[in-house]
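Shared between the two complexes below is subunit A, which pairs with subunit B and subunit C, respectively.
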Partner chain A sequence: MSSNDDWVLEVRDLMVFYENALAVNNISLKCRTGQITGIFGANSAGKSTLMHTISGVMLDIKKKEAMTGGERITLFGAINFNEEDIQNLQPHKRARKGIVLCPERRQLFTESSALENLKIGGYLADKAQAKKTLAYIFQLFPELQKLKNREAGFLSGGEQQMIAIGRALMAQPKMLLLDEPLLGLAPSIETRLAKAINEIKQQTGITILLGEQYARPVLPIIDYGYVLENGSIVMEGTAEDLMNNPDVLSAYFGM
Partner chain B sequence: MELLIYGLINSISLVLMSIGFALAYGVSRVPNFAHGALYILSGYLTWIFLNRLQMPYVLAIIMSLLVAACIGAMLYRSILIRVRGMPISEIIASFGVGVAILELLRWFGLRGTTYMLPPFAKGMVYIGGVPVDLQRLIIVGAGIAVVALLWFFTHYTKIGLALRAIAQNERAAMVLGINADLVATISVALGSALAGLAAVLLLPLGNITVQTGYEVLIFAIAVSVCGGLGSWGGAVVASFLIGLAQITTVTYIASHYHLVVAMLTIILILILKPSGLFGRQKELEERV
Partner chain C sequence: MQERRRERLDRGVKVRSDTIYAVSSAKEILFLVGPGLALVTVLLILPLILPPYWQKVLTIAGVYALLAVSFGFLANFVGLVNLGGAMFVGVGGYISGVLNSTLGLPPLLTIPIASVTGALLCTLLLLPCLPLRGVYFAVVSFIYPLATVMIISATGVWGGTDGIAGLNVLPNVWVNQYVIILVVLACMFALTRLVNHADIGLVFRGVKDNELAIRASALNVTWYKAQAVFISAAMGCFGGAYLTHLYGWVGMSLFAMDFSILPLAATVVGGTSTIYGPLVGAFLLVPISESLRSFGTLRIVFYSVVMVFCVVFWTEGIMNYLRRRYEQFERWVRV
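Let's look at the complex of A and B:
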């Protein structure tokens, strides 16, 4: 267990309120260096709220809501990245530190071409890094090579997801947050992307936090997993632990 | 022939007038409705630097462009940033600033015909038998250069790509490390400087009047709405459509119809194709 004490990201006692509704209830979790940590839960379990809070987007949502007189959002708890508290850092500063979110539903720059999406992703990278990462992305997803001048909004869901993951990689992440990367994709593409995510971990050593609703396609690639229900962690453990729990199996893994 | 040549010149003038606005609003989606005011302010400042402070012409131009850029940046930092994400408020706030600048200028005595900028070059050439003065030729050259430079800037530089990114999806841009407020500030500052550039190029053809400020804003809106927000080529094509239509009406109907043409274009486009000639956002949204 000695090497397991090496954490990149630690979330401690995190609570997020929308007005008086509790979206994330006292969550503590840790992401080990160079591993894939899974977060599973149904819609509204708090996965995206958690991802937004870790990436810092929640601060922007909070600001805009306050500006327009919308929902009052309250955050408690600590998020530590490499032992540094980042709870109050703006999202672009967190990205600079290495926390990069690949958002739910991809959120591509739909009017720009596939290649431009990747180039925009390389905003933080220097020339050499950008070139190297771009070559890596085309090696990981060779089909993007011939699509690179097509407008991103007109590509298929699977292709868009590949661009979204590639775009996040271009930002030179140390910690990659993948929010439902397999959402709405065909089973064969799900397997393909799960394999690619595992390759990213093995070849680059990037630490990955992966949120998914349906765990089966990603269960083989995760090292450790948490199960969320109504904003709380109801179970955690290694992939085997989760597999061996009959309640979890039927409820979240469709087995 | 005369129609065609002056139509083209007028079109390129429209490109110059509206490109700063199209850059800020179309490309990074920050509406700068003080655009017309900054146009006139730059012209007026150049006149002051030139005539009151006896600066050389080039220095006066550079100074007034810098001042315009600073005012644009301040407008964003101090006012627009507080209402960011609420388009109607952004428009009203920036328009308010624009009206304030223009009416203050009027109050300080910007009236009459004493305020004129000298042309860059005096002289005349004949193109296909039509006399064209050098200032207008310079405008054509500058217009083409500005479009080419901006196209390069928004496609091949990091900041330029970031400008387009925050227009399309601000939050997706943030998590990639793009400082949205900084990029928006740059966009408004650049747009304001372009308004100033248009002013120093175009104002030598006429007088610096407060009224022109409002007209420029209307032209810029007409071009952006007609071309489709966020579409680069669209703004340029729309400038040519409106520019040629204006010259045609001026030649065959009456010279005071050029504003009517711009207004009519806005109305027609909003009825026939609200996303603009080249605006593709709607199509893309439906697909997802």
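Let's look at the complex of A and C:
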């Protein structure tokens, strides 16, 4: 495994304002190479804003809001990916560099089949890579094999989430952003997916940033975690550090 | 940190006049009613000061404003994009024209009758596609005026391609202008009140946002859409009937594409989130288009460039921008 101090992504002093409301307050974090970094926080803590800002989608939202006369979004701080400042890079260019977002609530192409969804994700990959990744996804989630010609919108929440993760993998990420991958799933599926995410890390070496509200199912798989409250990091540490803090335990781990 | 960001805050007078304190001082009341008052005053004074040619332009602009308000209401507050505004104009125009030429009814009767019966007819025609969502309503509404023109020219009914001439005209140029201006203003205020303060307005906006949730609240979506189409169609039919008696002639040109497309353009330019946006858009676009008449066909190019600019770079439209400047101020703050 890679050494502990290598990092792929560094966020420094990031601030995001929605009009006058501070959504992300002076956040600095690092995602170490080949590790899973967890971000935990309640609704409105700023997880999704952080994910959108790192993936660059926030730039699009900002532009759209400015055009329609909506909220003015202001961004400060630096986002470095492999030692390169990407703060002002368009989202599609970030995706080419390997930062791929698996969005909250899956956002599948509901009228396309499962297989088509996966293939759409492979736009950035060449044929051989796509074929290899597709085979890997079916090995990771064997249940998708049977469902591959079904319309994605009619699949269960768990199956849809598998497709969403698979679609993100097809884009050949170096850095995978998972925004609430366990949202609205049954506990057994949660465990199943958490295991799969861990396998992705171990087998492919992709660095993963994972945002969740409820930390318990993913706690065993994260290497390092941050706890967000009202847009600020209130605590950070390894899984054991977080486990040993009684406040964190009761608030995010339900223990 | 030395970084600064531009902050947007509501003006004090706006914050105060949002609450009961609005009635505490004349200044606050003026802040609330000022813009509306200014619009009414300008529109009422314009006929008195304009030269005769521009008085005619104002009258036509009034008709387009009415159509634009009708289009904007359906599109922005009910979620139905009506690409066939000309259908309303044509139906209203032909009903009043036929009533006037066959039964000899005066404009004072034919215009209201045409507005109501025309609106009923249009609502019935559109009823089958009301349960559908998305592009279907737009397509069906777009086809109706085109099809009606073909029917009229093929069968030769109601004067066929020549139309019906020699109808009663409105008494004088002052009635011409003030009738349409007063009707436009009345519709604007009534609709603003409807969508902002009435229960049915709440349902309309709900239909636009989430039809499923409206159904789940045990409300019949189609019935509410039909009511909204009726309101919109009544305005369009009034415009058609009014045009008929303005020219003393009714013909197939009432189904022309202009009546469908210009309201759409006015809505885009004026801004989509208010009732008065399309109205202001129409009162700007029609005179601009007139004043560029000397450029011949080049004016269409200019016109299109303005349209494309608004759609691509300035989606919020004029009125949303002005409202923000009116209600809020901006300043730089240290982060």
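Just so it is clear, the second predicted complex is superposed on the first by the 253 of 255 C-alpha atoms of A that agree within 3 Å, B and C clash if a C-alpha of one lies under 4 Å from a C-alpha of the other, contacts with A are read in each partner's own complex, and residues count from 1 in each chain.
By our rule, a contact is a pair of C-beta atoms (placed from the backbone, for glycine too) under 8 Å apart; a residue touches a chain by one contact, two chains touch by 3 or more.
This structure is a prediction, so every number in the text was calculated from the model and none was measured.
When both complexes are superposed on subunit A, subunit B and subunit C clash. Residue contacts after overlaying the shared chain place A:67 against subunit B and subunit C alike. When both complexes are overlaid on chain A, the residue A:46 reaches neither subunit B nor subunit C. When the shared chain is aligned, subunit B comes close enough to touch A:154, but subunit C does not. Of the two partners, subunit B and subunit C, it is B that touches more residues of subunit A. In the superposed model, A:19 makes contact with subunit C only, not with subunit B. Looking at the shared chain after the overlay, A:166 reaches neither subunit B nor subunit C. After overlaying the two complexes on the shared chain, residue contacts for A:76 are found with subunit C alone; subunit B is out of touch. Of the two partner chains, subunit B is the only one touched by A:119; subunit C is not.
Within the superposed three-chain model, A:108 lies in touch with subunit B and out of touch with subunit C [touch as defined at top]. With the contact threshold set out at the top, residues 67-68 of subunit A are in contact with subunit B in one structure and with subunit C in the other. On the subunit C side of its complex with subunit A, the touching residues are 1, 3, 5-9, 271, 313-317, 320-321, 324, 335.
Residue ranges of subunit A in contact with subunit B, taken from their complex: 55-57, 60, 64, 67-68, 90-92, 94-96, 100-101, 103, 105, 107-112, 116, 119-124, 153-154, 167-168, 170-171.
For subunit B in complex with subunit A, the residues that touch the partner chain are 82-86, 155, 158, 161-162, 164-165, 168-169, 171-180, 230, 280-281, 284, 287-288. On the side of subunit A, the complex with subunit C involves touching residues 13, 15, 17, 19-20, 67-70, 72, 74, 76.
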